[in-house]
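First the structure, which I've put down as structure tokens, then a few questions once you've had a look.
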């Protein structure tokens, strides 16, 4: 039950956070590109609950959920989207580029596929030092059409790099449906042709995701080489705040909303988990979010004079 | 007719598709999504999915496919969402599109047009805010265009498609919503010459693309102070029409180059070098460049604004050049 | 028998041509990088014998065999390597960049994997015009590790582009053995995971190659979408003239030499094909090569004043 | 000790591997083949395949893997066979290696070294003869080095590895066989300053890498005619040590920039622009640039030679600058 509750809390934190971000975007407090994770919470919550602090995470531009589930403080994430000095990237990254060295969160990469080679390299360092660690690398099914997907899967399988490839198959890459992106229907099958263990998971079922992540990370830590999980999920909202969603039916969205990962976990947790418990959880989360917004709002901007700081390292001798 | 930059681009594509069966548009989300910046909105319905062709997320493959189709009798327009992602296809552009004609001893021209968005200013952060058109302007065999006006948005595509060699068109992301009047019969424009957008006699401000409006704004401010600036829009970044800006500098004796690229090694360096080579004795003061700060463009609004050329910094440079330090 | 003889002649032409090139390299008449096709002749001869003049061919830096088997005149190929104005690329391309518009030979590409997207585009033009043509695209097993291989196979399968992918698996990419290049052992299996027909062929048996190419081109012309042939072959000589071959055993080379595709075809053709026939063939080829060398040697250089011709098209109005 | 550029590079790698366990070398054919240009010959036997790591033909993947390994505590040396193929990894270099530190607000430095060959001159034709180091010198966050001497071949690697940020080292393919004397105790060199390779008072010739020898040859010819040329080797292409060449130009009042890149938009433009900005009043004549012809480098020897800077064309430009048209 504790485990279930933790997963639920994580998913609710992400869901409410994203909803608040949408509002803050409308009110102009968040700018740039904003990609929400609503509907996909089970993936981040399930996978990342299986990682250790010493493991590493690589994410995409749709990175809020990964960051929060990894433990990056919500204050720092929200402040980043406000472009503040207290943001987890000191305001330089914004929504798409969350970073946190303390949590070994290697960022939000906004070039589709661009994080995969980096994940392979992080894992290579672990191999060279003989450390039994896992690098979780998130990317979309759209990214799987990029050349880097191929190069990195081959490299990781060849060198048995301890990477957990997490392909979030939400059926769309912006407006491009899966069938217009990939000639072959089964991504996990394709991935296994590289000589690594790969399978599909119901990405709307957080317990299934967690269980698969457990099996995969165990195998990876034991030296079994990389694994790929195809996490079948769906984004309930538009690709970004600019997307009028011309490419899909409302009915399809509704159908997927019936599979809401939060509702499904709550079902599992009933009747022990009561309406009151739910309300308590929601209000706890809401306090956290309000707090994050308030501190972000109050925080200072980086001084303009510091614009070119961090282009190169500040060498302290 | 009242229109926008976006609509003018769309009308240019529509017109080209109607004129020539060999023309087709291909790129990520150009079809059912309507184009990442909505340029091709509605064209799928009009021309069908054979000619408005959504591609997978495979920049190298579909740009290379454009090259192959051009080699084989078609006239493809390939859209790369932004110049940032074009690096994934740069090998195809440099080593195939730009090179095949020469390497084959003249046998294989590549009549391909590639359009892409460039530039910063919308808080999209480092990986979505590059201005790398200067790199493309370095490549022999390419023609590189930067429409900064409604006329050019409407008129550059057809001559680009008629060019037997590869042409790249850079659309600055800040321009899509630019609106204004365009003649009903607006059509093809000359894609070989720079344009004097504002005549003046005291200083030559040389720019292109997304910086044109900022530079014109600076010129207005300068006028109020009694400095009469001539503003030149390069339009064609390769091959450069140096005569137009050299003529101007020979008249004004002062030059400022405005370029959203990072300063070191940007196109602005080439302009400044040409002036130093060809018009040295006409200069009454050193050439000044107003460029982006040499920093990955940050997300936060105040930092991004500080990183980019602005009317204020352009006017300040012009003042310095004209009046001295 | 006529068919056999044609295949044999083609293979012998290539073999002797390559041997002469090696000599001419040693004597300094050919310069730059030179990649010989000795041992792999059955692939070019077998595949290209099944192509029509209206089909198209894309090759690599190891392109002499493909050019010759496609019908590019030997004079023009040799002159190109001499850097002469009469060369098939007017001296601008050299060994790695043979081109011939008349024979729809789209060149010699020296960026590993760089020809694949172009082949897809050539085929796309055929599709758009409704022409039942095939584009044969040659590349090595090393190229199959590049991202472009993945992107193009997916694109071709997705759009059912009429490309015949010819993967010349000669077991080495420069000094990198197959097993150090690819995690998965079976390239044809990997390729078929994209949803296209792919199979392996004994690339040392020209009749098997031809038969496979026939099946593949028939299927492609009939609208069956792309095919991939993994042609299992071997280069008898070094990767290029700079390669001291530290990475493989002499014994391995010797073993493969026993499978010499020319010898094997001759075996099949015996006893009808006599030693005298062989000698006649050899001398016919030798005359052709002598002739090519002589005319190349005598030909003019491009004037230096024409250096920048063909950077852009010469528009004649 | 008598050595070659190739051996000096190898010795630098060996030395770094011995000094620091975190250092490893990775790239195509660096191991059993001995390196495409034989730089790493013998190192596999010495250090084993964990640390001398052959990669598949996947430029983007292994360069990106170098970035990841550097982020995670290692000190990788990544070899890309030539700059021509580096375009396939340019996205990783620009959008990750050069950008992560800033984009993460200072959290993630990338202590990576990437070595690659550049340049023409061996009849390798268009796709193997590019000089694109100028593009890399445009990227904020990178340090770009071009060793032109045995000392620099031997001495640049270690300080590059000590730099907390990514460093690119460009080795001109014509230099590998360069031989000469190197001090037995040759070691790390300063990687921040340009060097005056030949002092002179009449004209400043500014160059780097593969063009240094040609420029020195031109200086010798000029000396015979009574023109005393100062030759500056930039060594570090980013960040540029402008002071060294500006000081020189202020003394000689004449400048010629020699750069094997294509002229328009090459690094030479940046140098010329800096001179025009900072030393305009010191110039007695326009700056001249001697660059490669703007053409994909052709195979044929006579055409290739005509396309590249040569001692003759360098000397001619210097004469023109000093004596006038």
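Each chain gets a letter, A, B, C and D, in the order it is written, and its residues are counted from 1.
The rule is simple: a residue touches a chain if its C-beta (ideal position, glycine included) is under 8 Å from a C-beta of that chain, and two chains touch if they have at least 3 such contacts.
Source: prediction; values computed, not measured.
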| item | value |
| --- | --- |
| Chain whose mean Cα position lies farthest from chain A | C |
| Separation of chain B from chain D, taking each centre as the mean of its C-alpha atoms, in whole Å | 30 |
| Separation of mean Cα positions, chain B and chain A [Å, integer] | 35 |
| Between chain C and chain A, distance of the C-alpha-averaged centres to the nearest whole Å | 46 |
| Approximate Å spacing (C-alpha centroids) for the pair chain A, chain D | 40 |
| Of all residues in chain C, the ones touching two or more other chains | 89, 91-93, 97, 109, 111, 114, 145-148, 151, 154-155, 158, 180-182, 311 |
| Residues within chain D bordering two or more other chains | 56, 58, 60-61, 84-85, 88, 91, 95, 102-103, 125-127, 140-141, 294-296, 298 |
| Topology of the chain contact graph, where touching chains are joined (line, ring, star, complete, other) | complete |
| Touching residues (chain side chain A, partner chain B) in the complex | 31-33, 83-84, 89, 91-97, 109-114, 142-143, 145-147, 173-176, 180-182, 243-244, 246-247, 301-302, 304, 307-308, 311 |
| Residue numbers on chain D that touch chain A, as the complex places them | 24, 50, 55-56, 58, 60-74, 76, 91-92, 95-96, 100-109, 140-141, 143, 164-165 |
| For the chain C and chain A complex, residues of the former touching the latter | 145-151, 153-158, 180-185, 189-190, 193-196 |
| Chain A - residues contacting chain D, complex | 56, 87-93, 97, 99-101, 106-107, 109, 111, 114, 116-126, 128-129, 147-148, 151-152, 154-155, 158, 309-315 |
| Chain C partner contacts - residues on chain D that touch it in the complex | 28-29, 31-34, 36, 54, 56-61, 84-85, 88, 122-128, 293-296, 298-303, 306-307 |
